[in-house]
Structures are given as C-alpha cells and as structure tokens.
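Structures incoming, each one as structure tokens.
Here come two complexes built around chain A, the first alongside chain B, the second alongside chain C.
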Partner chain A sequence: MRSDRNTAAPLGLKIAAGAGLAFLHLPILLIFLYAFTTEEKSYQFPPPGLTLKWFAVTWNRPDVWEALGLSVRVATISTAIALVLGTLCAAAVSRTKFFGRETISLLVILPIALPGIITGIALRSAFSFAEIPFSFWTIVLGHATFCVVVIYNNAVARFRRVSGSLIEASMDLGADSFQTFRYIILPNIGTALLAGGMLAFALSFDEVIVTTFTAGQQSTLPIWMLEELVRPRQRPVTNVVAMVVVIVTFLPILGAYYLTRDGDQVAGGGK
Partner chain B sequence: MSIATDTSILARRGGLSGRLSDLFWRKPGILLLLMLTPPLLWLGIIYLGSLIALLLQSFFSIDDFSGLINFEFTLSTYRQLLIPSNFDIILRTVVMAVMVTLASAVIAFPIAYYAARYARGKWKVIFYLGVMLPLWSSYLVKIYAWKLILAKEGILTWFLAKLHLLWLLDAWLALPVVGGSSLSISYTGTFIVFIYVWMPFMILPIQAALERVPGNLIEASADLGGNPAQTFRFVLFPLALPGIIAGSIFTFSLTLGDYIIPQIIGSSRLFIGQAVYAQQGTAGNIPLAAAFSVVPIVIMGLYLWMAKRQGAFDAL
Partner chain C sequence: MTAVLFQQVSRHFGAVRAVDSVDLAIAEGEFFAMLGPSGSGKTTCLRLMAGFEQPTAGHIEIFGETAEGVPPYRRNVNTVFQDYALFPHLSILENVAYGLMVKGVAKAERLKAAEEALAMVKLPGYGTRRPGQLSGGQRQRVALARALVNRPRVLLLDEPLGALDLKLREQMQEELKALQKSLGITFVFVTHDQGEALSMADRIAVFNDGRIQQLGTPEEVYKRPATRFVADFVGSSNVLPPEFVETLGFGRHHASLRPEAIALGGGDGRTQFTGRVTAANFLGAANRLTVDANGARVAAMLPASIAVPAQGETVTLSFQPEDLHTMDGA
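Right, the complex of A and B next:
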C-alpha cells in the first residue's frame, strides 16, 4: 500500500525550519532599514528618524561611481573569459571519455575549493615574481580563474541532457561542425550558459578576498566597502551602497533560477 | 552492391570549415585537444603555476638581518609554525572551524529536512530561493549587517533590553575566552557571523541527501516501534551523513581560510587567514605566509580524503 505523502510536519520541525530561514533573512532586511536612518555616527537601533537624504548624497559621490564602474567592467570581462573557457572544458569533459578527465574536473573546481586567500596570495606572489604591475587586468585574471567553475558546472549539467544523436543527425543531414554548433548545440545550452554567466557575474561583482591581493591601488565596490567596514568614515553612504548591492546581486540569482528551473540541476547549487 | 554504398556516402565537404569538420569527425582527438588547450593553459599556467610557486617559497627562509628571501631549501620556516604563538593561531582556527561546522549542521538540518520531505509546490520554491538568496548575496553586506546587529547600540542590545534580559548578555560577555567588552569584538560574535555566512552551503547537500531517503523508510521505522529520536538516530542520520560531510567540506574550508570576518567582527587574536595576510603584507615574510597557507591545504587534503571514503561526493 502506498503511504500517504501529505502527512503534516511535526510542529517542532516547522518551528526549527522557520526560525532557520528567519535567521538567514532578517539580517539582510535590516540593511534596508538602515539605508533610511537619520543617525550618522553610530548603528543606533531603533533609528531616531527616517530620511531619503542619503540616497542623494550617495548619488553625488564620484568615488562610489568609480568603484561601481570598475566592478562592472571587471565582472563583464571576467564573465566573458570564463564563458569561453568553461564551455570548452564542459564540452570536452561531457562529450568524450579520456585519460585524466577526473583531474580536469578537479582542476576547475580547485580555485573555489581552496580558501580564497591562498588563490590571492599565490597570484600576488606570482605577479611580483614576474614583475607584472597591478592593473585592471590583474584583477580580471584572478576573477576569471574562479568564475570558470560556475559556467562549467552549469554547462556540464546541460550537456548531459543534450542527446548525442541530435548532433549525429545534424551531421548526417549535411551540416558541418560549425553549423551544428550554431544551430543545434548553442540553442540547447544557451539558457544554461546565460544562467552560468549571470552567476559568474554575481560572483565576480561580490568578490573581495582574491581582489585585495590583485588590485593594487584601484578599488572595486567590495574593496570600497571593506575599507568602510575596517575604518568607518561615512556610515550613511555605506548603508545605501549595501542596500543597492543586495538588490543588484538578487536580480541575477533570480534570473538564473528561472532560466534553469526545469532542468535536473538548478543553477547556483554550489557557489 | 558497391554502387549502393558509394551513393550513400556524401561527397567531401568543401571549403575550410567543411574540411575542418571532416577532420574533427574522423579524428575526435584533435577537436578534444583544441577544446581543452585554452582552459588548461589558463588554469595550468595562471592558477597552478602560481600555486606551485607559492608552495615552493615555503621551503625558503627569510634572512633576519636583510629581510630578503634566502633561496635555499630549508624546513626552518615550517619549524616556525610550531612556536607557541603561531601554533596557537592554527589551533584557534581549527577549533573555530570545527565549532562552526557542527553548529551549521545543527541549524541546517531542520531546514533541509523540511524542504526535502514536506515542502511541495510553491513552498519548495520558497525554500529553495530562501536558501539561495542568502547564499549568493554579498559577503561583505552580510558581515556589515551583523556589525549593525551586534554593535553595542544595535538591535540585539535593544531587543534584549525590551525583554529585560540584558543581564544574560552581560553574564555571557563576562565569561573568559568567549566574552569581551561587546559582542562585536568577541569570539562569540565571530562564531555567529561565520555560521551565518557559511551555513547555507550546508543546507543544499543535506537536502540533496535527504531527498533520496524514501518516506516509507521513516514510516517503516515508526511501524516497527522506533520513536522519533530512534528513527533519527538509526535511520535518518546515517542516510544524511554523506550530505552533512559534503556540506562540512564547505563550512570547514571557508572558515579555515577566511581573514575578513575575524578582522571586522572579533577580538584582536589572529586566525590563519589573518596571519597569512599580515606575513605577506606588513611583515613581508612571504615564506612564512606560504607555510601558513600550506596548513589549510594539508588539513583540507586530509579532510577530502576522509570525506571521499565516506561517499560524500555523491551528495554534492
């Protein structure tokens, strides 16, 4: 006899799960409240008053815009590089079996499996050893390296579902490899790549640990925030920036989820 | 006979792209090589190259007088890790990582279990996004939120004052080791923020493991007279264990290597990540920094090896 699937959860479990989710979300909601506080000098709660003034102040801050611009440029180029490298790797690993296949998966995952500080310091000492000055491109080099895995994971999951006979059929019907890629493979893996790209963008946009080692004098938005956290100077501006960052990172996550929700593996399962 | 086979074979494709496709079809190895070269060059040279260069430097030492690196093979840098002040850093970090991992597993389990067994339809989506959004939201913003919460004038103090429980907070802060003058500069604060930031990484693998447990297995346990505690102890927990171990890989590794959380919310005593940062930055002692960064690599290597034996990778 089939057991009833609709048994209700025990009350204790409901409370524990609900409390756990609340623990994950309340601190982020608090950020939204603090963006409107009138208090400048401390983190006083409850806020003595609410105001929209800090949004205007933040809007007119050139250093925030500069940091934001740098972050967006770094994330865009790193994502583009990671898209190419990650897709190539995923295609190779999923289409064929060859010696050292497992090692390649490991190599791709390693940059996020090892603590970020190790990646950071390794890159920094390599740059100083090779006498490469810090620049925009040293930041991109680091970011692209750990963004590859996000694209790779998404693409591998999708390649598993694209049947090999589709590709053979296309070739049998006279298409060459490039046409097959353009008309058969790309439409099939397109949404997975888009989802992976969004997640890679979010990952790069938010990255701070590796960036502190590869950035030199420039500051990305997370580096700007880190300086504010270590030595708070303009708390109200930081509050507003924090809120904007939360909103900006939520959008790609939601987008990636809706693009891949029908698949066997949903994007973002592993960061 | 031969005519039939001849016509069923298409003519060779013309043009460069056509000839290339024919080549790829006949010799898949060449296509494979072309596809693998760019990513392998990138990861192999930029990433592995720097990593190996870093590890090699841990076998050099720094000259105490000139402050320059002495390029001779020595184990003296590793010996420095064992002097009490450095060894304390390693011990402190490992203890923190273990505590964070255990606490994360305890908090994550009910969420994962509810999501895997009871949540259906709309609730399934809510639980999934409810874990995914905090997981992916900005690392620094999450730390910043806790700075707001734990500050002396912040929401936690206000909340406890409303409940007339301030004495409890004061009593906790008066304790040795875990206490301090305020939660935001104590180990307790560091511990809470570590749990908050890494716990979502624990939920997903546990949920994946629990999804595979058939519901009637738990009912069978109850039918055979097991009470909920026994069912958990002898049925649910062993089946969830690979997921818990898989999740602990993240919580453990991320805690071992983090240097920003203890710097912003914590006492002035260092963790491994901070030691690496200080040694390579202000102290300019790259060999010691490299030796320090070998510690998490070795610990994670051992951990992964044990996890693999427990079958944790199937739950990832």
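Right, the complex of A and C next:
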C-alpha cells in the first residue's frame, strides 16, 4: 500500500497529477468566483467586478428557501427510513443464514448499480400504475431506494466485526433482544450508521435524476438550480446556492470519512 | 437436588446428529466435565443448557423446571465463553456489572458488586480498563467475574482455559476448583483436555459422535474405560487386541491396560508376557518403554530409577490381573 519514501515521483508525473486535480477542481472554484461577480446575465471572464450583494438577494428569494426546505426535509426523512430498513436488512443478512440470503443482499445493492434514470422511470411508472399522485412522499420514496444501500453497506461491514458471541453473552447475562440491541449492538455499529446516514443525506441532497421522475410540481434544490440556469436574470444567485450545496454535502462526507477511516471503508460512497 | 437433567436429548443440524439421545443428570454443587474431541457434541450440550440451542427431541430440566423454549435471558445459568466475549466498548467494571444493569439493579449497588467480583478473581482495581488492555489470562478472569456476579445456580464454562499457556492453565485449574468449592455453584465444564477433566471434575461425561461413551468419576473413567474410544481418548492407555488378550488368559476381548500398571520382570500372582523393545523414551520423571508382544504394541511407564533395556532386547513384563480391563464391542 505505502509507497517507498525514498523514491520521489518524476516531475512529469507530478505535473500530470497536478493537471488532473486542477481539471477536477478548478471548475468548482469558478462557480465560487461567479457567486461574487457584478455581471448578472452571463459568465464572462474575468468578472467585471466583485460584489457580495448576491448573498443578500439569495437570502430574500422565497423560492430558494422553499427548495432548500424541501431538500432538507426529503433528505432527513429518506435517511431516517433508510437507517431503519438498512440496519434491519444488514442485521438479517449478517446475523442469520436463510434461503435466498445472497439474493437479498444483491437486490438491496442493485439500486446503486442501476443508472438513476432506470430507477426513476421504474418508480414513475409504478406510481402512475398504482395511481399514487406525485408528492413530497414520492420524492422521499425515490431517494430512500438508494439511501438504503449506503446504510446497508456500512452497517453490514460493521456487523461482521461484531462477534456473534457478544450477542449471546448479552442474552446469557439476562438482556432481552431490545436491551442487547441498545447496549451491545448499537454502540458497536453506531459510528457506521452515523457515517452511512451522513452519506445518505448528502446523496439525497444533491440528487437530480430520480427526483425529476418522482417529483410533481415541487422543486428540490438541485432541480431548482437546473431550472434557474436557463433563466437570464440574477444568475449569480445559482452560484451562491451552489456554494451552500457544496458546503452542506461536503461536511457530512468528510465527517463520514473520519468516522470510518479506522477499520472499514465507507462502502458505496460513490453514486 | 438435580441441577441439570437431560432425558433422551437430541440436537440435529440437518443430517448431522450433533447430540444424539443423551441422558445425564448433574447434581447440585457438582463440578461436572464434558470431555471429548471437537465435534463430539459436548459444546452443543452446553449450548442446550444455556438456551442458545433448542433440542430437536427430548427433555431438559434445570433445577426441576422445564428448559425447552425458555430463552437464555430467563435462565438462572451463566456462561464463560471460549473467546470470553467481553464487550469491547465497555470498561471492565461495566462489563462485570452488565448482567445486574440489565436486571435494573441500582448503579451504586451494581458497581459495588462488580468490584467485589473483580476482587474475587484477583483483579481488584482493573475496573477502569478496557478489555483490549488486558492479557488473555486477565480477560478470562473478567469473563468469570462477569458470569459469577449474577449468582447463577449453574455456571457453564466452554473450554475456558483453552487459550491460556500451560503455566497459567494449571494455575487457573486450581483457582477454578477452589472457587467452585467456596461458592458451591454447580460448574459444567467443557474441555477436550483429558488431564484437565481428570484433575478438576467430580464426574466426567466422555462424548464421542454426539453420544456419551461413559459417565463416571475421573478414577472410574481412567481405570475402567467402558469403550475402546474412552480408553484411547482418556490418557494414553494400551488398547490390547482380542488375540493378544486371549493368550494372556482373559478370553477373547478387547482390553485396556494402563502403561503405569506394567512393571519390568515377573512376580507372584502377576500376569507375565514377553516382548521385544521397539522404543525407549526418557520423559524426565519416568521412562516410556514400547514393546512388540506377539504383534501387539504395548507401552509401559517405568520409574526413571530403573535401568532401561536397550532397543531390540527381549524383556519380560508383568501386571496385576485386576489392572487389565476387558471391554465389549467397540
């Protein structure tokens, strides 16, 4: 794993690596930069002037608050649903042996392997087939499908490390199933659930594709941004919101990384 | 009173008969060992007592109460696990107090009881450490304290000394025995080490293939093995083939003969036989002589003070007739 300290990378490789990283991250810096531009109709470079007024404009736009509120609520509730279902599923798969265990494991992970557009179309046709009107809850359901995977992957890795005899020891000492879960299982898988929950929240918060198919008239923050880009006026407002999204999703992912870096990796982190 | 009663208990896993029609009755206050090779059913029997397994057939009673269907947390039985199963996220004191905590004992009271239990296993003041900071022997003591603090009527020990080195194991054997005497709790002990079973137990059940081969005191099991398996597994007895036993005048049976019952030379009233020495090993306190007697391989344990015959020499050996124990069937 670790490279030899004494062999320095050749200069060409360093430049290539630097260029690669720059290609990945410079556009994000540009987004930040244009949040401060005085030009509101187009993204001209260099910006003709710098201003902080877009922050105030954004603050006073009710549609931004509406979209942000919706996104936060959707992400919170999808994550909550995923935490319950993902943990239960992980417990069943790692603790017991039953017919079809491997199949269930695969089926749970499938939504993350499927392109979002398939999940989206499938859910949309399922909703219209069952005559369920599009609402807040259809968005939540759509997001929960891939949030469950993240929680499941994190929990299942940790469950495998909690030895079965710990649970037997707890039962042997007089703890019933609920006490065993609360005092033994939860403390041992807690950080994995927290990390998985943060990732799930971040995934839901910036999800566009599935949302497009499962939302009605409502706009989550990413959808709102997509719509806003085609409008000519007050463009830097989108950039301000983008900065907020980056910060809101980056912090949980960073947190998840630090919570799980000793031991298992954050599995399924890249949807 | 009978602490644990098994009536025709079987536990099958698919086609595997882990425990097959086992009958046993363990008396209150007894130190009971279940001895056998791995896969012989002894650990499954222990798990049936603890409640982690349910019998496929048969009836189990613990202190006169039916145990089938009673979950582990409602049994007045505690287990010391083979891997100790200490809770890694709790301190030693919290580990020991766990059983009292889930039963709702007040904090001050349960921590005091846990401290006392730690003192009993000679680990006073270790309460603030974590399981990861202790040695194997210390963890073993914590596991013992964690079980005993609940004052179980039966303590189940699953190969508790298996992971310890020889010196520590001998020390713990003595301590366990002393602890059991002073507490008066019924101990049920699973082991594959016949020396451990012989030195500690009041009675031993020797398991093989899911069945009890013999149940008796250590002396009975050692001196009068009921089957060839017991003779072979408990200690290093000579199992003599029927043809050889017949030439000695005991009829055509398999027979067991302890190496230490055999002496060099003849004597009044002793049964004699001759053999050619195939090996002589110095073991410190004794010499182990292996001879070929008419095709039967016989080992004899001789005191170190006696000069050892050379390899290839033909020697006369003898034993008291009552030391030879004939066995029927397998």
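Note that the second predicted complex is superposed on the first by the 255 of 271 C-alpha atoms of A that agree within 3 Å, B and C clash if a C-alpha of one lies under 4 Å from a C-alpha of the other, contacts with A are read in each partner's own complex, and residues count from 1 in each chain.
The rule we apply is simple: a contact is a pair of C-beta atoms (placed from the backbone, for glycine too) under 8 Å apart; a residue touches a chain by one contact, two chains touch by 3 or more.
The structure displayed is predicted, hence computed values, not measured ones.
Contact with chain B, but none with chain C, is seen for A:230 once the two complexes are overlaid on the shared chain.
Of the two partner chains placed by superposition, only chain C is touched by A:188; chain B is not.
In the superposition on chain A, A:86 makes contact with chain B only, not with chain C. In the superposition on chain A, contact of A:176 is made with both chain B and chain C. Annotation for chain A, partner touching more residues between chain B and chain C: B. Once chain A of one complex is fitted onto chain A of the other, the partner contacts of A:96 are limited to chain B, with no touch recorded for chain C.
Once chain A of one complex is fitted onto chain A of the other, the partner contacts of A:104 are limited to chain B, with no touch recorded for chain C.
Once the two complexes are laid over each other on the shared chain, residue contacts for A:113 go to chain B alone; chain C is not touched. Looking at the shared chain after the overlay, A:123 reaches chain B, while chain C stays out of its contact range. Across the two superposed structures, the residue set of chain A contacted by chain B and also by chain C is 171, 174, 176. Across the complex, chain B meets chain A through its residues 10, 13, 17-18, 20-22, 24-25, 28, 31-32, 35-36, 38-40, 42-44, 46-51, 53-54, 57, 107-108, 110-111, 113-115, 117-118, 127-149, 151, 153-155, 157-158, 196, 199-201, 204, 215-216, 219, 228, 249, 253-254, 256-260, 263-264, 273, 276-277, 280, 286, 289-290, 293, 296-297, 300, 316. Those residues of chain C whose C-beta lies close enough to touch chain A in the complex are 50-52, 71-73, 77-79, 81-83, 85-89, 98-99, 101-103, 146-147, 150. By the touch rule above, chain A contacts chain C in their complex via residues 163, 165-166, 168-176, 179, 183-184, 187-188. Note for the complex: chain A touches chain B at residues 3, 5, 8-10, 13-14, 16-17, 20-21, 23-25, 27-28, 30-31, 34, 42-46, 81, 84-86, 88-89, 91-92, 95-96, 98, 104, 107-108, 110-111, 113-119, 121-126, 129, 141, 144-145, 148, 171, 174, 176-178, 199, 202, 206, 208-209, 222, 225-226, 229-230, 238, 242, 245-246, 249-250, 253-254, 257, 266, 268-271.
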